[in-house]
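Presented below is the structure to which this report refers.
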């Protein structure tokens, strides 16, 4: 059977009995078994859990018909969770050997919310260990390959989630975006990736990378699906003190700013051309554009690579092998590098020069972004300097790899939402995309743009050959 | 005894108090951990599991502010939590959520009979797990960890180095305990571990060292340990020796402070603001509300009742610590005054005879005293008769007294009391006897 | 002026972070971390005289919860101990600690 493209189609099919819930899972699992050995998107495939759940739904739909969707709005939506999300009773590793056999005694808020909404968990996805990476190559379980070209990286750190959605191993996937870790792999794999406002979705039960930067993200083929998932996961949960509902007042006739500092040397020309073309397309859909200047954002990556390691060094201090997990000797090199970098920038004699300085520059950049949103309603920018690159190409030079995050950093350190939308392909058939950023809690206008754009394009409909 | 030297004993205290909130500081686990089955009051947050997050306890914050107010501190309008990093098995996250440079309360003081003691700061943090040292099955040494206490709300009170004697330190900590118990925010009990003390001791503020003394598990130990340590330091300084910055512990068996560790350099805790918890910006209205809501503190209560009824200060101090006893005493004293019963007599009965205030009402107590008073023989002529008899029957005592043994008078008083079945007023008896002798 | 992370410094930082490195790793980290610090050190050129540090983009303040016991997220003893590799009679067990806490 042919897998549905999106949630709406899936719901129709299930109501029309074109297939059962069980047949749906059969098909996904068949695909996974056929191709995931090459792609390596999953660390754990949760076959039993999936079948238990669909057995329940197959019974429910017999007695309740389409009414089950009133209680379970996402019934039958197959989901993969990045292995940073704790799933009770199901192995959760964060992509690291330190947690190679860790079975959590509780589930994250997001996992619980999606399950309650009717999602079917099919597996825990591969990732750069602890979220440390932009390519997927830092996984302790082997890198995830790009579905469009297996010699290329899938992007990271939510590498497996992006590949899984791209390969239709699941309908939707979760990820975490601390500095592009949802947007970059979504971009490299040709799907939609949302980094929502920091503090819009609870982080409780998601393994922390950098506490003031981690944003719970969602991936799917369509903007509409990402929106549907976000509507379930967002909101206060009394466990994460940084979550709030937030207010946003939308303006009519939105104007999109083009930040000139994001389109300088170093950006791949195919990406630059693609974005320029799409600016014209969006213009024809009614969006106005304006050039803006964000001179401080060039410091965003340095701010990030001071604050993030500092918070990482702290968040990874709990892994001592006493209450769970393996000893600290199981940390891989990248984790050690970031922990030490973090301890250094927080250490006596250096903290003022690095950590405190970065925290001040962060404040300045936040103010700069706040100011620009008095002028425009959204910002358009590339997601990364290039499209997916070859496995091994950047892995010997940590700094080079870190600079891959250069366009993602602004949204991360300011906490604003950003959505990555597939917008074309390179000459070599690799996905290209752009990101749209907005003020805090402005997800609605980002979704509107994405839906509008996807009604008028077909890039998101492309599927890599199995 | 401290010999007189040029230096001055300089002591600062650090006190940790477990707040008796229902739930822990950053999670909803029960904070009532004393003697519970190990690791049965835990959750992802206080166990430091992956993905767990802290959520501060509102009551703990309010109680810390109340304590600060009771200690005459300024309450910070802008405060926050910070992470304090170090590795130890009783610290599940590898950091403790505490307060660093913006504590809730700063700059207070407490009066003692030996001078004012400045309070540098009062801040809020979380407690660590409990460690137990033991032998394992194979006979080797092991350490066992119980996380029931992990995450319990803890207040830390730090004093300025304003304490200058062991007795002052003892008085200070007793005062502090009184206040905390009156506020009702902690059992503040050293036996239960809900009050823990440390002292930083040196013989002068600019001598370049201070010795940290731990294991001060009772008021007695506080006094003994400080006395010992001041002596020890004094001797070393007189010998011209340099005193190293170190941590020592009081050893009750050896009756001395014993070296534990050297502390050459400060630990690098890599403090940074806790990103999981938004900052605290206390509203002036809340602070005023808490200030107004403070109960009357022991000192005030004691002074007030002492003044009103002219009772002995010791009695006033004792009842100022116990609300039930206080209310009972107040009522009894009021009724007593209306019936001309001596206030201290009433207090003596209440405190020394340890009357069961649950069973004997204030009215009953006073009526018993009235009865006793009425029965008291005060008529001089009657007493003189009995005194004469006593002197006749106890001629040896009379002779002894005249020889200079003034205590012999009690034999005579005793005789009169016996003969009068205890009803003679002993004051009058004594007065008459003294006159006759 | 750029800070250098010598191997000795790396050794100290590793100890502070409770990590172990081989001599080869130490040498490699020394090079890599020095390069990264050099790059991020460019922030010293940004004028921050008129701004304070921030670590929270939410703008929230005074978030706290009522003092109630919430049993729904609490573990019993076996749940607490479920993932440890070393336990004894209801406790987590580690090698004997002789060192005093460094705090």
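Per-chain residue numbering starts at 1, and chain names A, B and C are given in the order in which the chains are listed.
Basically, contacts are C-beta pairs under 8 Å (C-beta built on N, C-alpha and C of every residue); 3 or more make two chains touch, one makes a residue touch a chain.
Just so we're clear, the structure is a prediction, and the values are computed from it rather than from any experiment.
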| Measuring centre to centre, with centres taken as mean CA positions, what chain is farthest from chain A? | B
| field | Chain nearest the overall Cα centroid | value | C
| task | Pick out whichever of the two, A-C or A-B, is joined by more C-beta pairs in contact. | result | A-C
| How far is the middle of chain B from the middle of chain C, if each middle is the mean of its Cα atoms, in Å? | 37
| said: Using Cα averages as centroids, what's the distance between chain A and chain B in whole Å? | reply: 56
| task | Take the average of all CA coordinates in chain A, do the same for chain C, and state the distance between these two points in whole angstrom. | result | 24
| message | If I count partner chains per residue in chain B, which residues reach a count of at least 2? | response | 44, 47, 55-56, 87, 89, 94, 145, 268, 270, 272, 275, 277-278
| message | Going by the contact rule already set, what residues in chain C reach two or more other chains? | response | 16, 18, 55-56, 58, 60, 63-65, 73, 75, 92, 94
| task | Indicate the residues of chain A shared as contacts by at least two other chains. | result | 102, 104-106, 212, 238-239, 241-242, 313, 317, 320, 322-324, 343, 347
| query | chain C touches which residues of chain B in the complex? | reply | 21-23, 27-30, 37-45, 47, 55-61, 84, 86-90, 94, 96, 131-133, 136-137, 140-147, 247, 260-261, 267-270, 272-273, 275, 277-282
| field | For the chain C and chain A complex, residues of the former touching the latter | value | 3, 5, 9-10, 13-14, 16-21, 25, 29, 32-33, 35-37, 39-44, 46, 48, 51-58, 60, 63-65, 73, 75, 79, 82-86, 92, 94
| remark: Listed in rising order, chain A residues that touch chain B in their complex are 85-86, 92, 94, 99, 102, 104-106, 108, 203-208, 211-212, 238-242, 310-311, 313-314, 316-320, 322-324, 343, 346-348, 351, 355
| request: Going by the contact rule at the top, pick out the chain A residues touching chain C in the complex. | output: 102-106, 198-199, 212, 238-239, 241-242, 244, 296, 299, 302-303, 305-307, 313, 317, 320-325, 328-329, 331, 333, 336-337, 339-344, 347, 350, 353-354, 356-364, 366-367, 398-399, 402, 413-415, 440
| query | If you look only at chain B, which of its residues touch chain A in the complex? | reply | 44, 47-56, 83, 85, 87, 89, 92-95, 145, 266, 268, 270, 272, 275-278
